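Residue numbering begins at 1 within each chain, and the chains themselves are lettered A, B, C and D in the order written.
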Amino acid sequence: MIKIGIIGGAGYTAGELLRLLLWHPEAEIVFVQSSSHNGQAISKVHKDLLGECYLNFTSANFEAVDVIFLCSGHGQSKSFFEKNKLPENLKVIDLSMDFRLESKAHAFVYGLPEMNKEAIAKAKYIANPGCFATAIELALLPLAKHQALNDDVHVTAITGSTGAGQAPTETSHFSWKNNNVSLYKAFEHQHLAEIEESLCKLQNSFKQAVNFIPVRGNFSRGILASVYTQCHWSLIEAMVHYQNYYQDHPFVVISDVNTDVKQAVNTNKCILHLEKHGDKLLIVSTIDNLLKGASGQAVQNMNILFGLPEDAGLRLKPVAF
Amino acid sequence: MIKIGIIGGAGYTAGELLRLLLWHPEAEIVFVQSSSHNGQAISKVHKDLLGECYLNFTSANFEAVDVIFLCSGHGQSKSFFEKNKLPENLKVIDLSMDFRLESKAHAFVYGLPEMNKEAIAKAKYIANPGCFATAIELALLPLAKHQALNDDVHVTAITGSTGAGQAPTETSHFSWKNNNVSLYKAFEHQHLAEIEESLCKLQNSFKQAVNFIPVRGNFSRGILASVYTQCHWSLIEAMVHYQNYYQDHPFVVISDVNTDVKQAVNTNKCILHLEKHGDKLLIVSTIDNLLKGASGQAVQNMNILFGLPEDAGLRLKPVAF
Amino acid sequence: MIKIGIIGGAGYTAGELLRLLLWHPEAEIVFVQSSSHNGQAISKVHKDLLGECYLNFTSANFEAVDVIFLCSGHGQSKSFFEKNKLPENLKVIDLSMDFRLESKAHAFVYGLPEMNKEAIAKAKYIANPGCFATAIELALLPLAKHQALNDDVHVTAITGSTGAGQAPTETSHFSWKNNNVSLYKAFEHQHLAEIEESLCKLQNSFKQAVNFIPVRGNFSRGILASVYTQCHWSLIEAMVHYQNYYQDHPFVVISDVNTDVKQAVNTNKCILHLEKHGDKLLIVSTIDNLLKGASGQAVQNMNILFGLPEDAGLRLKPVAF
Amino acid sequence: MIKIGIIGGAGYTAGELLRLLLWHPEAEIVFVQSSSHNGQAISKVHKDLLGECYLNFTSANFEAVDVIFLCSGHGQSKSFFEKNKLPENLKVIDLSMDFRLESKAHAFVYGLPEMNKEAIAKAKYIANPGCFATAIELALLPLAKHQALNDDVHVTAITGSTGAGQAPTETSHFSWKNNNVSLYKAFEHQHLAEIEESLCKLQNSFKQAVNFIPVRGNFSRGILASVYTQCHWSLIEAMVHYQNYYQDHPFVVISDVNTDVKQAVNTNKCILHLEKHGDKLLIVSTIDNLLKGASGQAVQNMNILFGLPEDAGLRLKPVAF
């Protein structure tokens, strides 16, 4: 059994990790740390775990675990490393954006298994990708691998509310958000940096713009990204390239018919649908932002890191409705 | 033109008042006071009023108006009277619960026009009823008038999120509330006092329990109340009594078919539907909690107070969907 | 491995069964019959199963299976038995209401494990309970067992849209139902018969009314039932009686704090919360209508029928949001 | 009073017209024709009109009216003209797409007041624009007027469910659509033709692509369109050009802060928000698809046609929540 600690246990991504790890066949949750809720029952915070989880939030004990997940939010992971000295062999999976971009200042591997599986298997520290980044990169990696990204890319992606975390804000208020949609951070979302870095890894020549319009959707879970760019491939060629690229990746599925975001909700899948319109290739990419976009991918990374089947604990019942 | 001031202008009920008064044929908004937003453009807070309202929040000027609406929330109206000396002839319509119950300590008239129209017409100070109270009292007044409330009353009422105001709380967060319902304050909701007082006014003998289960619905506007009690009337007798009771009240409509909450949304109507099952009379009552349940009723009271047609400025386009 | 056939495979309950059985450790799906979709890929109808289910709808082969689930809808199960001759040892779990009421004309056992576990273990034919009936009976069984139901019972239960099935109707249209709630079949819902039969089994003296108001909620999954009646128990006594009653039943959880419907969504749990108000005991009962209210309970019955752990294949990741 | 007839009175756009015309100060509804509901009370179909509309659906009487609105749906207006001979002076406002494109075969004027107000004032027959087309054209007209559309235009627009009409379909089912989003008709939506025709009217040189991705949103009313293209204007220049273009058009509002779709819901407004990112001008355009996108614009056209104030009967209370 892999012994596990969670740092920042009261947030959305930690709750989702707990939902996965409680029934994971090879996982043993040793501690769940939360500075804001220390000593409380976990099921008082993650209320759906009533009757399933009998642990309390406690302080961390790094010596007692094989791996920790950092769920404290952006900026907190850097300060976590400054404040804590970790055992030599302790592995770390960081769900924040603090170490996603390559740098000589750190040794984190970017944890997108569909791009980096071998490096992940040998890594000690993993930077788990962003939710939008996951959906968008999976839509584009086969193009980049074939050096076929030679024009601007246009992306609009609609996200569920859980992508914005649990802090109450003006735009998280139900009375405002119910039946409402809005744009935010157009052309300037912070995930653009990791997207561009990943694409350049596979296609060094890629210099075009990724024009990205994020949209706040009025639903809780999921991302639907529409991605299009010029491409000389026929639809059949594109389908073949995508099928080939993802043939050894159990969570990416190519759909030959139109898709919707609920197909992926409560699963670790990314569903890709391709269409060709004139010289444009359109890729529709859907994931569950808390699973393939966060905690599910973190468990997938853990599985790879510890030599388990990649889908251990991740064959989940879809919610469907 | 009636000159109007609004106290506590940044909240939900004040926003709804502004939406009504801007196009009211006899209303002139003189000031909208807000301590939290003083000096700001009203359309920055009530964003749907962009292009319709060019006023800023200012301080109050009681000398310049005929009537003020108190929209600061429960408990604030009492302290408003302690802190301010009002001109002799200034009328006040209070949307809080501070003065709804009769008391020798104050001279407020309970502003439910379908029960108190004559008293309202002569009043100086009006206590606008609560939203649940409005829906439930309108369901029961004809029974009380005929001394026909002789058994326990059972009420479940589902309310839209705007009934809970705009303060961010755990239960106002979209990620929690979306697709979710829950009970609260079962048997103990604060509106029970005004409901029982109103029923006793019409039926002095009424001593039975009003068993009231409030439910938080996952929608923004509206209340659907189901109300049942033993009643010896036939369905036809009940229909006749209800039609008679409400014949001079333009906003209460009796439906002979089943109803839904959206029929009333964005209108000042209360729709009542009656069914008889065995010895039980079931009354389904629907209102828009911000209109007939708050600001619409406040304008209705203003109209009565100033001798205008009761429906002036209140013939509203339903949203329907 | 238990060999399984599904009759009526294109509907909601069959889809949910498939989601459960695909990853059930002891289940092998042998055929999924659908007269409307014969020959089609299952993942074209239950689209969330793309990449998980590679079966097609076929005709039935009763000789090849150990158990069949009847998912064709109310009235169809009776005609299924008229049209088909089944192998002697074939077990049947019927999700329709056709055989829920005891009768000399059939040998079905009512499949509520929390009331009938021993009989289910020995049964050949199981009638899976209704969704409302499950939520309401689980709220009342401990009272009935202690002969403590001595007054009218008042129930309001709000259901998700999947409870009404997938046929398009006026009230299933999104534009109508979105942000809308409404009552239906007040005092006359068809589940009342099985509720009353179950209560009388445990408390033969029970003759009072179960006043039941069903409400169509504007969400997809889940039932929230509020149930109250007079009861002389203190809250502590009630908690003890409920804890004792359900101590050997893994899916019923007593919550000491208020609950909401999403706590149960995408799980097989029933969460009960008790409050005492004056002489009234209030029980709030929440389930997922497609799981504990239908297909999850069907799998729970299958597990009992075949001597598996009661929760095999039913430890599900909650959706939570 | 303008005497009005409505053809195809049972659909969504007719219902919305009725909501507007019932309280329009200069409108008299003479007949509402519906072949499917002839003889029924209108308030049985448009249930929110209970207590406001006492008319029945009848057959048409063209001699008795000044103007008719055609609300029967796409394709039906052409056959309407084939089947009916209209009085010489009868004006027609067609809400279908049948006559939106200029043609020598008909004399319809394209009814976008912000482009064609003078022609509308003199017209006999008006083709009311499509909902997406309205939102997108209003976002682009100032650019076209200044010959500033010199690169591809990228549009993603999310629409409420009422845009798809009331016919029950797989994608109109609540259980499917709730909490769900999906693309449809990418690059091929039928409104592209009228958009391109309008832009070319103002900028004859415009030959670039309008890349349009329509998205089905999980809300009832409203369209949020994001529109971007290369533009050498600074943000301030753009704001000035847009303000100037729309200064005589009461329903188009420029917002200097980010917008959301509910700001426009239940109003006839189009709210435009501009941002400049690098060389890209982003225009966010929001309307209510049933009002400015259909029936509200139809009434606006009627007002212009009959010399009334453009906003007569169109100063509506926003729903806001």
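Here is the rule we use: a contact is a pair of C-beta atoms (placed from the backbone, for glycine too) under 8 Å apart; a residue touches a chain by one contact, two chains touch by 3 or more.
For clarity, every value in this text was computed on a predicted model and none was experimentally measured.
Note: the chain lying farthest from subunit D is C, by mean C-alpha position.
Two chain pairs, B-C and B-D, are weighed by contacting C-beta pairs, with B-C ahead.
Subunit B and subunit C, compared by their mean Cα positions, are separated by 39 Å. Taking each chain's centre as the mean of its C-alpha atoms, subunit A lies 46 Å from subunit B. The mean-CA centres of subunit B and subunit D are about 34 angstrom from one another, to the nearest whole unit. Each of residues 12, 161-162, 175-176, 178-179, 218-221, 259-260, 262, 265, 321 in subunit B touches at least two other chains. Against subunit A, in their complex, subunit C makes its touches with residues 12, 15-16, 19-20, 23, 44, 46-52, 160-162, 178-179, 220-221, 253, 255, 257, 259-260, 262-267, 269, 271, 290, 315-321.
Contact residues of subunit C toward subunit D in the complex are 12, 161-162, 166, 168-170, 172-179, 218-220. In the complex of the two chains, the subunit A residues touching subunit D come out as 154, 156, 158, 175-176, 178-184, 186-188, 209, 211, 213, 215, 217-222, 224, 226, 228, 258-262, 265, 275, 277-278, 280, 282, 284, 321.
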